[in-house]
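By written order: A, B and C. Residues from 1 in each chain.
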Amino acid sequence: MKRHLISAADLSRDDAVLILDTAEEMARVADRPIKKLPTLRGRTVVNLFFEDSTRTRISFEAAAKRLSADVINFSAKGSSVSKGESLKDTALTLEAMGADAVVIRHHDSGAPHRLATSGWIGGSVINAGDGTHEHPTQALLDAFTMRRRLAGGEGDLNGCRITIVGDILHSRVARSNVHLLTTLGAEVTLVAPPTLVPVGVGNWPCEVSYDLDAVLAKSDAVMMLRVQRERMNAAFFPTEREYARRYGLDGDRMARMPEHAVVMHPGPMNRGMEITAEVADSPRCTAVEQVTNGVSIRMAVMYLLLGGNEPALTTSSTEENK
Amino acid sequence: MGKTLIRGAKVLGGEAQDVLIDGETIAEVGQNLQAEGAEVIEADGRILLPGLVDLHTHLREPGREDSETVLTGTKAAAVGGYTSVHAMANTFPVADTAGVVEQVWRLGKESGYCDVQPVGAVTVGLEGKKLAELGAMHDSAANVRVFSDDGKCVDDAVIMRRALEYVKAFDGVVAQHAQEPRLTEGAQMNEGIVSAELGLGGWPAVAEESIIARDVLLADHVGSRVHICHLSTAGSVEIIRWAKSRGIDVTAEVTPHHLLLTDELVRTYNPVYKVNPPLRTERDVMALREALADGTIDVVATDHAPHPHEDKDCEWGAAAMGMVGLETALSVIQHTMVDTGLLDWAQVADRMSFRPAVIGRLEGHGRPVSVGEPANLTLVDSAYRGAVDPAGFASRSRNTPYEGRELPGRVTHTFLRGRATVVDGKLA
Amino acid sequence: MDATPATPARPVLEGPDIARMLTRIAHEIVERAKGAEDVVLLGIPTRGVFLARRLAAKLEEITGRSVLVGSLDITMYRDDLRLGPARTLARTDIPGDGIEGRVVLLVDDVLFSGRTIRAALDALNDIGRPRAVQLAVLVDRGHRELPIRADYVGKNLPTSLRETVKVQLAEEDGRDAVLLGVKQTTPAGER
């Protein structure tokens, strides 16, 4: 594995499977009376959040604490960062405090990449979501959830048919999932109104469809993405009602999915928009499970990056062009 | 001022000749010239070009002297072989009045390294709403003939039409920064395969092309000439080619970086590659080279855009757009156009000196290397190869995309009206 | 764990020896643990797990009752994690209702420095509070670095620090054997 986790594209199949396998072991810790491991004792993990995301932050925080790392939460709001301090100066401060890893959430695509390659800090950088670029730990926890539900909790996702529905254009979750799921052997189909599919998507290793109903029956998992209501104002779609009608998942549509198929959502959900309450609350919806699995995945990532004097060794079979 | 004899220089890349400078003018051109008391420069087969003319330079003064001043910018220009630069209007305050353009013009005079021809803003404050006093700027000591809101597009079709018409009165030209604003809200890089992967806001080619298409049609309709700044797409080339074939009076420029760099470089998220218009694809680069070679694109303009270190030493989204270019322009052109066989040196002189001077209606620049002409000259060692080292730049800023890159060619001497501003590659 | 032997390792114990030793240990357990009713066998991956399963089978044979057997991965409790790349985890599988109030019998292949067992005791501590913890090993090769001893030993094998001891089990290695070899270099106190 590389020293940083910036993009799901950086993970080889073996890296990804190792993370998922490690997360399975981490998940067992949650069932114990003492949900803590001494493994990262003395390590410092900084949660550097330039964007509000309580859910993601507490997931990383719980993961780091279960591994006994010291956690420093650095929120840009109300700090010197909001007063114009640059990412560089913030990074130098964290370096001076001896951060072994920086978990960064940033509104700018590429900020974690910049942090990792600029020489500002020496520790590992873990991307907790950057702009509209990537959110690799989300993709890993999604893959983990799918592997448990669809592939017996072992190996990869070879042959699984995954449909991702919603605002692909602005979704870091979609980007990371396309990379990771295809690395794991799954077949990915993106479904969205054409306005919410990026120009250049033709180069992605997946199919694109504008018709949700046409792909539902051929899906082992349907991942609904959050669609921000503000997009309506930028004319990405005419009305919420029309969006929900064409691209929302309701009970009727869910009934047309194969019996074993699951519904996923990275949260937070817009009930009534991309997903109805009936679907969200059904046992086929894994949203809550995904949150639980998020902690295990983040523990696994932190352990594999920080658990030794260098990241875990795996064969690097990533594509040459990455 | 004394005499200088340049011996054995290939004038416009042709046969080796001697050129004698006497005072401010070229006194003699020929073989085996002798001149008593003249300082002799052994050109040794180097290329002698007319002093280069840049239609598109940001000197940042007044207002952003932390990135560049007229003095440092003209020094950079001299090092790059330029004897005249057009200073863009997006300063603080904006060069939208006679007072500001005269100030820039005067600072240029005082610098002594390179002539500075101020560009006037088309609209007040570059806001695209109200015409600036174009006539007053023209009538001022700065004698402005090129008007541009560069950095911003004159997107209102009526304002653009009026500006095109209005400047006809004094043979001015509007230089359009073609960027449809609504199509480029939040845009960070060329929209395409790479932007889709990187999740950076896409800057579609059509945002440039649609404005160019509109403006050539407007120019045709009102019978004005129009100049298009920094073409960056293959589609823009097609439109200009079509417009010229229809006899529309349009000229266009391309920057050296758009002839060499592509959006693949953005994968590094290094803001040194962040520029407006954005780096495009290999296909665009090739179309631009071809267009510059066949004359569809008239001139090379640097769009020299200095920024202080902190504006580039940050995350991509927070970084300023722009690259310095004066000191590397000729090397990039040799690399992309001459060494590839697309242009010979005479054509380089045409694209980088003669034609820019004609578009800007400059006097005393972009003249042939012949007797009686002003001695604005640039001597180029085209055999030189070396890595770009920004630490040695004369510019106050270092935001070059070529750091460490090996490029051919080096300006060894620059003469501004007979006076050497650069000697052996160093400022005189 | 052990460096590549410079000379071919030679078997000091063969399959039948190992089977005999395990049978003996099983009888000792039944004897000392009074029928082994509340015993949970936890093998330490990788080979300790196979030994634990074999021991459990023998115990079931002797007592006629089913015996709880599982595995305990000690990787995240090791004291040498920072001396190498992050290690791959093995399965921890605590059978039945856990270890609370039971006798945990840790099973490993080789007892050497004692550090693995130290880590195992720490790991157990986070899982529950057993009534007692005991240790069974196939081979005790000496050179303890911590105050730890085994309750059940298949064979005491006097070694020098230059030597390597390698246990092979059919489940993992295709055959049963204990191999004694010589290290190419001898960094003192390794492991």
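In this text, contacts are C-beta pairs under 8 Å (C-beta built on N, C-alpha and C of every residue); 3 or more make two chains touch, one makes a residue touch a chain.
Nothing here was measured: the structure is a model prediction, and the numbers come from that model.
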item: Label of the chain whose CA centroid is most distant from the centroid of chain C; value: B
item: Chain closest to the assembly centre - both centres taken as Cα means; value: A
item: Euclidean distance of C-alpha centroids - chain B vs chain C, Å; value: 76
item: Centre-to-centre distance between chain B and chain A (centres being mean Cα positions), rounded to whole Å; value: 45
item: Chain A and chain C, separation of their C-alpha mean positions in angstrom; value: 39
item: Numbers and ranges of chain B residues touching at least 2 other chains; value: none
item: For the chain B and chain A complex, residues of the former touching the latter; value: 188, 191-202, 204, 268-270, 310, 313-318
item: Complex interface listing, chain C residues touching chain A; value: 73, 76-77, 81-92, 122, 125-128
item: Footprint of chain B on chain A - complex, ascending; value: 86-88, 106-111, 113-114, 117-118, 130-134, 172, 175, 198-204
item: Touch list for chain A against partner chain C, complex; value: 18, 21-22, 25, 28, 32-34, 36-39, 67, 303-313
